[in-house]
Amino acid sequence: MHIGDTPEEAAYRAEARAWLEAHATRKSDAHPGDSVDHTRDLAGHVQACRDWQRVLFDHGWAGITWPAQYGGKGASAIQAAIFNEEMAQFDVAVGTFAVSIGMVGPTLIAHGTPEQQHKHLAPILKGEEVWCQLFSEPGSGSDLASLGTRAVRDGDDWVVNGQKVWTSLGQYADYAILLARTDGDQPKHAGITYFILDMKSPGIEVRPITQITGVQHFNETFLTDVRIPNANVVGGPNEGWKVAQTTLANERNFIGSGGSWSASDLVDLAQRRGCAHDPHVRQRLAEAISRQETLKYLGFRMRTAMSQRRMPGPEMLTLKLAFANHWRLSAETAIGILGADAMLWGDDAADENQWGQHLLSQFAIRIGGGTDEIQHNIIAERGLGLPREPMPDKDLPWRSLNRVG
Amino acid sequence: MNFDLSEEQQVIKDLALQIFAGQATVERVKAVEKSDGFDREMWEQLANSGIQALCVPEEFGGSGFGAVELALALMGQGRHVAPVPLWLSGVAALALADFGSPAQQAAHLPGIATAETVVAIALAEQGANDVMNPTVIGTTAGGRVRIEGFKPAVPFAQHATLALVPVMLDGAPQVALVDPHAAGVTLSPVATTNREPQAHMEMNLDIPVDSILGHGAGIDGREALRSLYEHSLASLAAIQVGVAEGSLALTASHLSGRTQFGKPLSAFQATTQRAADGYITTEAMRVTALNAAWRLSEGFDARRDVAVAAYWASEGAQQVVTAAQHLHGGIGADIDYPVHRYFLWGIQLASVLGSASAHLSRLGNLIART
Amino acid sequence: MHIGDTPEEAAYRAEARAWLEAHATRKSDAHPGDSVDHTRDLAGHVQACRDWQRVLFDHGWAGITWPAQYGGKGASAIQAAIFNEEMAQFDVAVGTFAVSIGMVGPTLIAHGTPEQQHKHLAPILKGEEVWCQLFSEPGSGSDLASLGTRAVRDGDDWVVNGQKVWTSLGQYADYAILLARTDGDQPKHAGITYFILDMKSPGIEVRPITQITGVQHFNETFLTDVRIPNANVVGGPNEGWKVAQTTLANERNFIGSGGSWSASDLVDLAQRRGCAHDPHVRQRLAEAISRQETLKYLGFRMRTAMSQRRMPGPEMLTLKLAFANHWRLSAETAIGILGADAMLWGDDAADENQWGQHLLSQFAIRIGGGTDEIQHNIIAERGLGLPREPMPDKDLPWRSLNRVG
Amino acid sequence: MNFDLSEEQQVIKDLALQIFAGQATVERVKAVEKSDGFDREMWEQLANSGIQALCVPEEFGGSGFGAVELALALMGQGRHVAPVPLWLSGVAALALADFGSPAQQAAHLPGIATAETVVAIALAEQGANDVMNPTVIGTTAGGRVRIEGFKPAVPFAQHATLALVPVMLDGAPQVALVDPHAAGVTLSPVATTNREPQAHMEMNLDIPVDSILGHGAGIDGREALRSLYEHSLASLAAIQVGVAEGSLALTASHLSGRTQFGKPLSAFQATTQRAADGYITTEAMRVTALNAAWRLSEGFDARRDVAVAAYWASEGAQQVVTAAQHLHGGIGADIDYPVHRYFLWGIQLASVLGSASAHLSRLGNLIART
C-alpha cells in the first residue's frame, strides 16, 4: 500500500507537466475551462478536440494505456491517470473523444479483427475519427438488450432499419458503434450483433435533441436501409451482447473517474460570495470535501486494480454511483450558495452558468452507463452476494416479448 | 378544528384547476416560453373567472377572499406550470387591502381585480437575501422620496405596471409603490432557469411620499413588509405544492406506461418507493402550506408556520422534482417532454423562496427566543 | 377550514383539563412521565393502566369515539384527540389498552356479534380486559396472509395449533384476537378466520422475548390443541382477512398519532446540555420542529376525516411513515447532543435512558401495522395510482405455497 | 501509487479475521456480555498469534508494524463484534513507540506485546468533548504531578493495568500514564449501550513526573496528544468498517433466506437497493479509513484525512447498521439474533468517535485555513 506517487510516478508527472506547460495554457481566471465552450459552440469544440488529440498523438501522449502494437504507449492506468490529472489543469479541449478513445478503442482491441484494428485504432489516436454510440433506443432504456433495430443479411452486406436515441455528438461523428437485432427468435441477449457503421453511409438521418441544459449534445438517429459490409461485424454475428459489455464497462469507468471540477471550486465560490464562514455553508463544504476524498481513494483503488490488469470488481461499481451523488449534492450546495442568483440562466447567470449546467447534468450522469438503480442491483448481486433479480423475460424469444416502440 | 375546505374554497380550487388544465397545455406553455414568457390569453381567461380579483376587497371589485383561497388557486397554477404572475397580484392585493391608504387602495385595487394591473414584487436581495433589511435606500426630502438601489431578478418586472419595492426609508423598512417603467428605473431583462420573465431593477428616482405603502394611514412599515414577505412565502409554497404534485403525476404515468425487462417500470420497487417518498413529501408540503396560509388569513402570528412551510417548499420540492426528473430516465432530459419544466420550476421557486437552510435558521432563532 | 379549536372545542378542552387536574398529577420535573415506568416494572405498569382506565370509565372519559350503545360517548375523533392531548400532559399510565381500546373495540363494533359486543366492550372500557394480538408468526412477517397456525373444526369448537410471535403484553392479557388458517385449499387470503381467544384456555404457552431495548414487552406464543368455541369467531369462518383489515387500519392510525414526546423535549435537552446555540444543533432542532408541525397538521387532517366518518384515504398513510421518520431522526439528534454520554445505558444513562430507548424503539414503530416498505407500496398504489405490485402467489392455494417457518 | 495490501498486510488481515471468526462465535460473545464484557480467552488466542504485539517495536518483543496493519486487524474485530480491548493496546503501543521515553518504553511495551498489559485510553470529555483541551488538570510540584479531574465512560478502565489520560499539565496538553487501580483513582463501572465494559474515572492522585508520556525525551506534548487522538479515531474507524461489513453480511443472508409473498426478500428491490446503499457507504468508510491509517503510518499531516475517515465512520456506520437492523424486520429486535449487536456497536462507536457534525466542523476549519 502506497497512497501517493512513487519516485517513478513523480518523475512521470513532472515530465507530463513540463510538456503540458510547453504546449498548452494553464487554466486561470482568464482561461477558466475549455477555451471553446461546448455549451456555446459545439462544432468549434469538436474541432478543438480533434486538434488537441493530434497534438497529443504527435508528442506521444495519446493512448497511454493502449498496447504499443496499436499505437499506444503500453503504460499503466496509473500513468494515464497522472497525465489526465495534470492535463485537467490546462485549458485544452478533450470531451469529444470520450467514446472513440474511452470505449471504441478498448472494444476493438479486445474483440476487433486485425483489419478493423488496423483501419481505426491509429486514426482514433490521431484525432481523425470521432465516433458515436448507437446503442439506446426510445423503447429500450435500462433494458438495452430489448433493442429492436433490425439488421438483415443481404449478400456481403447487412441492411439496417431502426431508430436510436441519445447519440452523443452524432451530428459530428465519422463512425458509430451500433447494436442491432440479427436474430429475433433467440432470447433477447442472444440475437444481437455489434457493428462498425460509417456515418457517411446513405440512409442515416441525425436529428439533434434540445436538452434541458439547452445544449444539443444528444441526437436521435434514424436508420433506413443502411448497408453495412459484413467485414464491419465485431465479434461475430449474434455475439454482440458480450462485445457491448466491454464498451459499457469502459463507459462506467469513464464516467466514474470523470469530472474536471472539484470541491475546491465550491470553496472558492463560497469565499467569493462571502459565505465561507457561515456555519451551515461550511458544513456543506466539508461534506463535499469528504465525498471528494472518497472518490479520490475509490479511484486510486480502481486504478491499482487496472494497473495489475485485474478487472474492476464489484467494489468499483460504487465509484460511478458515488460520483453521481457527489455531482448532485455539490451542485445543490452551489445553488444554495448562489441564493437568488441561482434563478439566472445563460449569459445572465454567475460563473458562466456552470452551476446551473452542473445541476442539470446530474441526470445524464445518473443514467449513462446504467442507471443508479441498475448499478444498485449489480452491487447487491456482486458485492453482497444477493441472488440475481429474477427477470422473467430473459429466456424467452425476443420476438415474443411485449415491447414498446 | 376542521381541515376540510369550505364549499366556497372547494369551488375556487376546482375552478382555478379547471382553467389551468384547459389553458396551460404543454403546447401553449412551450409557445409562451419561446415568446415573452407571459401568457396573456390565459391571464384574460383567469380574469374572466375572477381569479385575480380573489383577494381584492369587494368594494374594489373583488371577492374579498384571503391567503387560503389564493393558495388554492396557486396550487392549480403550479400543477400545470402556468406562466402567469398570479401570486404577485394576489399578494399585492392583500398588502394593499391590509396596509394601503384609502387613496392607494382606490388607485390600485380595481386594476388588480380586472387584471389590467400587472404586479412585480422586488423581494430578492443580492447576497445574504435578508428581505427585512432592504438595501434599497429611501430618503425623504420635501414631500418626495428619493429611491436609490438595485434589485436583482424581479419577476415579471418588464411586464408589470406596479412594483412593490422594500426600501429602507430614513432608516426604517417600508414598502414603496413604484412604476417600473418610470424615468429613473432601468430594467435589464435577464434569462432565468425556468424561463420566467425577470429583470434586474436599477432605481434612481423620486416618488411622491404618498407612494409609500400606507402613507398617512398610520401603519407600521416593518409589519407591512413582514406581511408582504410572509404572504409571498406562503404563496410560493402553495405553487410548489402544485409543482410537486404535477411532477409526480407525470412520473406515475411514465412508470405505469413504460415497459422494461418485460414489466412496467412500476413493477420495480426501486422506482415506486422513490415515487411514494415524493408523495409523502408533497403531503407534508401541502398541510404546512395550507396551515401557513390559514394562520395568515386569520391574522395570527404566523412566523413559525411560514418558516416551516417555506422550509418544506424549498427542501421538499427540490427532492420531489429531482426524483421525478430522474425517474423519467433519458426522456426527462428532452425538452419536448414536459417533466423538465417541473424540475426547473421547483428549483427556481426554491431559489425565490430562499434556501431550506435559511428558513431553518429563522425557525431556530424563533425556537431560541421562546 | 379552521385549524384550531372552535369555541365548542375549546370548552371541551377546558372541561377535560379541569377534570384531569382534579384526578391526576400534571407532569413536571418531579413527575416526568408514567409514574410506573414500563421499562422497569412492566407488571406494575399494566396494573396502573387498568386502574386509570377504570377512573376514566367511572367519570365518563372512556371510549370517547365509541357509539353510546357500546358504552362510549359517541363523540368525534377531534374530541378524543383533544382529550388525549390534554391527558398527555399528565402523569397517567395508558399504553396497555392500545390493543384493547384502539384495535379490538373498533373491530368488534364493526364485525362482532351482539353477544361478542355485549360480553367484551364494556369490560374493555372499564379496564377489566387487557387484550393482545396473535397475528404475526415467525415465518409470516410482512406477508401476514401466509400465516400457518391451523384451526380445525371439532363439534362446537375449533382446535388451534401453531406459533405466534411479537405478542405485545401476551403475558398479561386476558383475551387475544387470533388469526388462524381454517382452509388451506383456498388462496392465502381466503382461508383465514378471526377468533376471540380466552388467554386462560389450556394449551397456551407465552414466552417473553428480551428485546434490544432490554424490555420484555413482546412474547412468543405457542398454541397446542387450544379449544375455541365457535361463538368466538368474528365475521364468519374464512372471512378473517377482511376483519383483520379493520384491526390493522386502526393499528396504523394509532401508531401514526402516537408518541407522547415532542420536539420541545429535544430543545429542552439541548438547552440543558448547553448546546442550543450551536448552529448545527440549532438546525437539527428546527428540522425536528418542522417535522413535528407536519405531523400535527397531517393528524388534524386525519381527524377531520374521521370526524366526518370518512375512512382515512391514501394521504393518511403518510402519517405513520412521517411519524416513524420523525422518531428516528429525533432520536439520532438526541444521541448527537448527548455526545459521549450516549454510550451509557440503563441507570447510568442520562434522562432515565429515554433517548437510548427512543433510538431502539424506532424499529418496532417502523414495523408495527406494516413495514415502511409495505406502506410505501400502498401509497404508490392508492396515492399515485400506480398499478398494484404483482404478487405471483396471491391466487394459489395456500397449501401449495413455498413457505418458511 | 498502490492501494493493494502488501503480502505481509494480507497475511495479518487474514490471520486476525481467522481468529475472530473462530473465537467470536455468537454464543461466546453472548456469554461474555453476560459476564464482565472482556473475552480473556480470545485475548489469549490473539496474543498467541502476536496480534497485540503488531505495533510494538521489535526490540520490545513486537513486530514493529504501524497504523495500517492495526487497522486491518481491527476490521476483523469489528466484523465479528469481538469484545476485546485491541484498539486500545494498539494505539498505546504506537504512542509509546513514537513518544515514550526509553524508560517508559521498557516499562510498558513488553507487557503490551504479551497482552498482559491491558490498556485504557481516557479520551472522552463531558460536554463539548474537545479532546485537545483536557479538563483533567495536572500540576507539577517537586518532581511529582498532582492529577485532578474526571473522565467519563473510559473503555475497559476496570480491566486495564495502564491508562493513558490526556491532562492539561501546567497549562499545556500532555498525556499521563496512570495506573487505574492506584489509590486516588475511583472507578465507577457503568452500563453501556453495546455492553462494552467502561468506567467513570475520578482522579485525585500524585504521580511521578516521569509518568508523563515522553518525559525527558524532549517531545511536544500537544503533538503526542494529537497523535494519540488521531490514531484512536483511525482505529475506531477501522472497527466501524468491520461492523458495517458484518451487519451487511447478516442482512444479505437474511434477505436471501427469508421468503415473503412467495419470493425471497431479496427479490424486492426496496430491500436490495437499501442494502446496496449500505455497501457503497461501507466502501467509502473502507477507503477513507485505510487512507487515514496510511497517512498516519507515514508520519504525514493527516488531520484532514482523519477527519474525513471519522466523519464516514460516524455518519456512515450509523446509516448502515440502522438499515441492516431495519431490514431484519421483527427478528432484529430479538436479542437472541446477532444483528442487534452490530447496531449497538455502530451507534456506540459513533459516540466514541464523536459526532459526524463535529468532524465536519473540524474539516470546515481546516478548509477555511487553507
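Which chain is which? They are A, B, C and D, in the order written, and residues in each are numbered from 1.
One rule holds in what follows: a residue touches a chain if its C-beta (ideal position, glycine included) is under 8 Å from a C-beta of that chain, and two chains touch if they have at least 3 such contacts.
None of these values were measured; they are calculated from a predicted model.
Undergrad: By mean C-alpha position, what chain is farthest away from chain C?
TA: A
Undergrad: Could you see whether B-C or A-C has the larger number of C-beta contact pairs?
TA: When A-C is set beside B-C, the one with more contacts is B-C.
Undergrad: Starting from the mean Cα coordinates of chain A and chain B, work out the distance between those two points in Å.
TA: Roughly 40 Å separates the two chain centres.
Undergrad: Determine the centre-to-centre distance between chain A and chain C, using the mean Cα coordinates as centres, and give it in whole Å.
TA: Centres of chain A and chain C (C-alpha means) sit 52 Å apart.
Undergrad: What parts of chain D, by residue number, touch at least two of the other chains?
TA: 263, 268-270, 273, 357, 361
Undergrad: Residues of chain C that touch two or more other chains: which are they?
TA: In chain C, residues 279-280, 283, 373, 376-377 touch at least two other chains, as defined above.
Undergrad: Which chain D residues qualify as touching chain A in the complex?
TA: Interface residues on the chain D side: 1-6, 9, 68, 248-249, 251-252, 255-256, 263-264, 266-267, 269, 272-273, 275-277, 279-280, 283-284, 287-288, 290-291, 294-295, 304-305, 308, 311-312, 357, 360-361, 363-364, 367-368.
Undergrad: Once bound in the complex, which stretches of chain A touch chain D?
TA: 1-6, 9, 78, 267, 276-277, 279, 282-283, 285-287, 289-290, 293-294, 297-298, 300-301, 303-305, 308, 315, 318, 321-322, 373, 375-377, 379-380, 383-387, 389-390
Undergrad: Taking the touch rule as given, give the residues of chain B at its contact with chain A in the complex, in rising order.
TA: The contact residues of chain B facing chain A are 124-129, 152-153, 190-193, 196, 198, 257-263, 268, 270-271, 318, 322, 325-326, 329-330, 332-336, 340, 343-344, 347-348, 350-352, 354-355, 357, 361.
Undergrad: Over in the complex, which chain A residues touch chain C? Could you list them?
TA: Residues 279-280, 283.
Undergrad: Which of the residues in chain B come into contact with chain D in the complex?
TA: 268-270, 273
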